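Each of the two complexes below includes chain A, the first together with chain B, the second together with chain C.
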Partner chain A sequence: MDERRAPRRGVSPRLWLAGGWLLLALLAAIFAPLVAPQDPLAQDLMLERLPPFWLDGAEPGYWLGTDSLGRDLLSRLIFGGRIAFIVAFAAAIATCLVGSTLGLISGYFGGWADRIISRIVDVWMAFPPVLFAILLVAVLGTGLSSVIIAIAVIDWTRFCRVIRAETMGQSRMDYVENARIAGYGRIGIMLREVLPNVVPSIVALLSLEMGIAVIVEAILSFVNLSISTDDPTWGGIIAEGRISIHQAWWVLVFPLITLILTVLSFSQFGEALKTRFDPVLR
Partner chain B sequence: MSACLDIRDLSAVLPNGQRVLRSVSLSVQPGEVRALVGESGAGKTMIGKAVLGVLPSSVRIVEGDMLLEGEDLGRLEPKARRTLIGARTALIPQDPLTALNPSRRIGSQMTDRLVRILGWSGERADTRIRQLLDEVQIRDPDRVLKSYPHELSGGMRQRVLIAAAFAAEPRLIVADEPTTALDVTVQKQILRLIAQLQRDHGTAILFVTHDLGVVAKISQKVSVLYAGKVVEEAETAALFAAPQHPYTRALMAATPRYTDPFASLKPVDEAVLAGLAAEIAAADQAWRRPHG
Partner chain C sequence: MLLQRFLIRLLTMLVTLFGVAVVVFVVIRVAPGDPIAMMLPPGATDADIARLRALYGLDKTIVQQFFIWLSGVVRGDFGTSISLRQDVLSLVFNRLPATLELAIVALLMAVAIGGTTAILGARERGTAVEAGIDIASGAALSIPDFLWGLVLILLFGVLVPIFDISGRVSPQLDLPFFTQFYLAESILRLRFDLTWDLLKHMLMPAVALALPLAAIISQLLKQSLKEVLDLDYVVLARVKGFSETQVILREALKNAALPTLTLVGVQFTFLIGGTVIVERLFSYEGLGNMAIDAVINRDLPLIQGIVLVFALLFVLINLTVDMMYALLNPRLRHG
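And now, the complex of A and B:
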């Protein structure tokens, strides 16, 4: 029994790398006005399309270069992280609350509740998600809250399906029957006995969902459907970078790298957390 | 004095109308161990679940009464029934791993029921649990109480479950093949512990098993179940001395003996099975007439 636990004792490098990147990006976003070297909105046509620091023609203070309006890319990425993280946390939590609640009810009570919820999930998943998101934001109007709502409305099914399946598995276990015999109420059993056993999966999904929310927000910004056009967003920067790819590749490449690193880190972090939360794997 | 558990003419059906319990009658007197023996699929677990109120939703009771210490379970409101069952009964399950919540420490699982259901103080519950752990010969209660289920061996887990079952002083315990999932040496210890605690606490037990050897060791009375029908019931000693039903005799012949492990080992005879099939068919025929 001790061999089973030994390999999990230390914090895995995966958790370190993913967590490290997320912490760095999060702190930079929170303290953006302090850490960003330049004003992200300041245009200066004298400084347009400066290359990153290791190339000829780079200016000190503009580490990752500038875009075609002369705005500092690093500062824009740092400020863009603010919206990315706000959307990530708010949308993932909203998605999780809706999806996990319905999944738990569906999986634990079965019968009618399960049939109705499962049918809704099936219908929901028939829509292509990106198209769905664009449609929703077009209807709700652009803005931070509509992006968050759109993500929750589209993606709750991911939580619902996984949590339903896990809850069903747990509900068949004898400990649930034992709790019934002892006289616990149904809702009490669902919350006190079953829920703790699906928490590891919820945590993993939550982290994954944060990554997905970052991507969806970027896609919406990319098609100019997200937040106001003034504040820099990663998707917005990518959209601008695409236009000037031949003159200034860095305006496209750096935000893409930032996005991919963040999304990957969220999913890896979630997996690593799951194993830490799980008493059997821990 | 009324019986601790009295089941009268209990019939239960599946959605397709097939009976899984066929007019089962059986009683357990206070402080007595009643063995319920039969082959796999006979419906032993089903009877236990019916008593404890946890039948699968597909199984429906269509006839019969169950009296727990004289109280008719069928006549109680669902909530009152749950409370009564929770207070007077307990289960020692077959699989000690899945019967414990994997994400909660043993100590919290064991005391929780006493505190939250029975309203004991935390201190009293803790003292009680430690006393029971001592009775099931767990020598390091501190470690066990702090452990998660997967950190304990199968035998330890079953001891914990036995302790938990006796902790609230139930009148009736349903033990559903409590030793089947354990290896042979541990089986003997666990069986001895259950017998010991049963005597000390004077608890009635409905002991489900398919092992006649276990029946002989632990029970005073025995009911033999075949296809959801009680085909014979007797005092344990009398049953072994003179089994009446051909199926019981066949079952005994099919049980290996240490003295002569192979000679006595026979599969249940074709003629016996044919006789049983006829008996079951006749019972169903008789039952269907008044029930449409």
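And now, the complex of A and C:
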């Protein structure tokens, strides 16, 4: 049991690294116009496919090189981070609101509400998620809000399933029965007594969902269905990198590293929160 | 008991499929953008557009369109693709084998990698080997198939170009196949030159799909193995003089595998869902790649057909796993 208690005593170095990376990327995204060395949209065919700074032929000021239109890669990554973080936060919160609400209702009230919601979850689980997301964005029209809505519409089941199970467990506890005897109404008990006890799971899932949202956004912009094609996105840069992979590998490598670090950091956070709040592991 | 369980599952399966059909039908019909306008050359008259709309049944109400489509689907008629102007069902059946072969190869790889690392980790429990396996499986699980695909493209397509990074088979080859199950047919007909070419194309997308599932199998199976290894009958086998590897393979694995099996079923459907973007990434000519093109071209009948086939695949896998679990679990079998 001792090694399971370890994360509680101090924050592990892995968590520090994850937090450090996310903070760095977030600050860079917020202050993008100040920190980006170049205009992310400026094309210059004289500067096309410049390699990163440590290779021969690199130009000062273009640290990570340029793409096939001569646009600065580092600046595009920094500005792409804006879209990534907006989608991560907005989509995760939207997904959480829809999924947790339905999960709470389904788990607490049971009966018909539970049967109907569970049946809808079954239907949703029978869709291939990526295809569903692509279809939704195609229907809603490209744009930031479409991407966010699409993620919430496909992924709410993740919250719903977990929160439903947690709520069911909580509802059988003595304190819920006591509150009922004390004369509290059902909705009051659900919101004031049960909800606070499932919040830890919600917070842990939120962090995981942010990582998922970043990936879904990248996939959507990879197939050119995210936001307008002018704005740089991590997935859009990856799509360019995939095409020019034999001429300019760095256009694929750097956004890929950025995405992997971001996703790993979000999942590290989620895992750490889960262990910290889980009464069994604690 | 088992039959009753099977029939109930079959019924819920049909309800789920009906739900999927309704959702996808409604979603694509609220789409702005006229698929008919995209088919016709500029300068087509209103009469041309109206005639074509009537041809594809788009002039009727949504409810009418749904039941016309559904009654067709029940008879095996999924309509005609708007962008490719071919029968949807035959288009889907042409591409489905490629996706199935990819998914099954990926599943086998996931079971092999996950199983081996689980057994190794359980044998070397408490050592640096187990810790290493835990870190590797943690990373494999956190990074999704899309990113694994890109990493593999860079490593084995560009840095050390030993595999092909696009397509299903080298285009210059003459293919003598009767079916679309190229890999299976090449093995059955002993054309191992073609098998090798197919595998060179399939290996990287399959590994990308397999890694997250391998990690899940590894973690769960290792956990159940470690629990079983402390039980009396296993201790007895050890006392009898069997080596630790023999104890795991002959005694523990059988009893530890059941919880993993249920999970693999659900996770296999996630893997199949992942083929959509991974096929795109590797330009692999499967169902998922065609689905993305269908969405981009607003090819309504084709999208509907593909989504429904995916959904059918998912519920069939869940049904199979459920039945296997009931057959293998003695408590349910006699319950």
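As a convention for this text, the second predicted complex is superposed on the first by the 266 of 282 C-alpha atoms of A that agree within 3 Å, B and C clash if a C-alpha of one lies under 4 Å from a C-alpha of the other, contacts with A are read in each partner's own complex, and residues count from 1 in each chain.
Everything that follows uses one rule, which is that a contact is a pair of C-beta atoms (placed from the backbone, for glycine too) under 8 Å apart; a residue touches a chain by one contact, two chains touch by 3 or more.
Predicted, not measured: the structure shown is a model, and the values here were computed from it.
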(message) Quick check for you: in the superposed arrangement, does A:L252 touch first (chain B), second (chain C), both or neither?
(response) second
(request) Would you mind checking which one, chain B or chain C, touches more residues on chain A? (result) C
(message) Which partner chains sit in contact with A:I219 here, chain B, chain C, both or neither? Use first/second/both/neither.
(response) second
(message) For A:I238 in the superposed arrangement: first (chain B), second (chain C), both or neither?
(response) second
(message) Once chain A of both complexes is superposed, is A:G183 in touch with chain B (first), chain C (second), both, or neither?
(response) first
(request) Please identify the positions on chain A that touch both chain B and chain C, taking each partner from its own complex. (result) none
(message) Touching residues of chain A toward chain C in the complex: what are they?
(response) 119-120, 122-123, 125-132, 134-136, 138-139, 141, 211, 215, 218-219, 222-223, 225, 238, 242, 245-246, 249, 252-253, 256, 259-260, 263-264, 267-268
(message) Taking the touch rule as given, give the residues of chain A at its contact with chain B in the complex, in rising order.
(response) 1, 110-111, 173-175, 177-178, 180-184, 193, 196-197, 199, 279-280
(request) Enumerate the contact residues on chain B facing chain A in the complex. (result) 52-54, 57, 82-83, 85-87, 89-91, 93-95, 98-104, 113, 116-117, 148, 150-151
(message) With touch defined as at the start, can you tell me which chain C residues reach chain A in the complex?
(response) 12, 15-17, 19-20, 23-24, 27-28, 30-32, 139, 142-144, 146-147, 150-151, 153-154, 157-158, 165, 269, 272-274, 276-277, 280-281, 288, 291-292, 295-296, 298, 303, 306-307, 310-311, 314-315
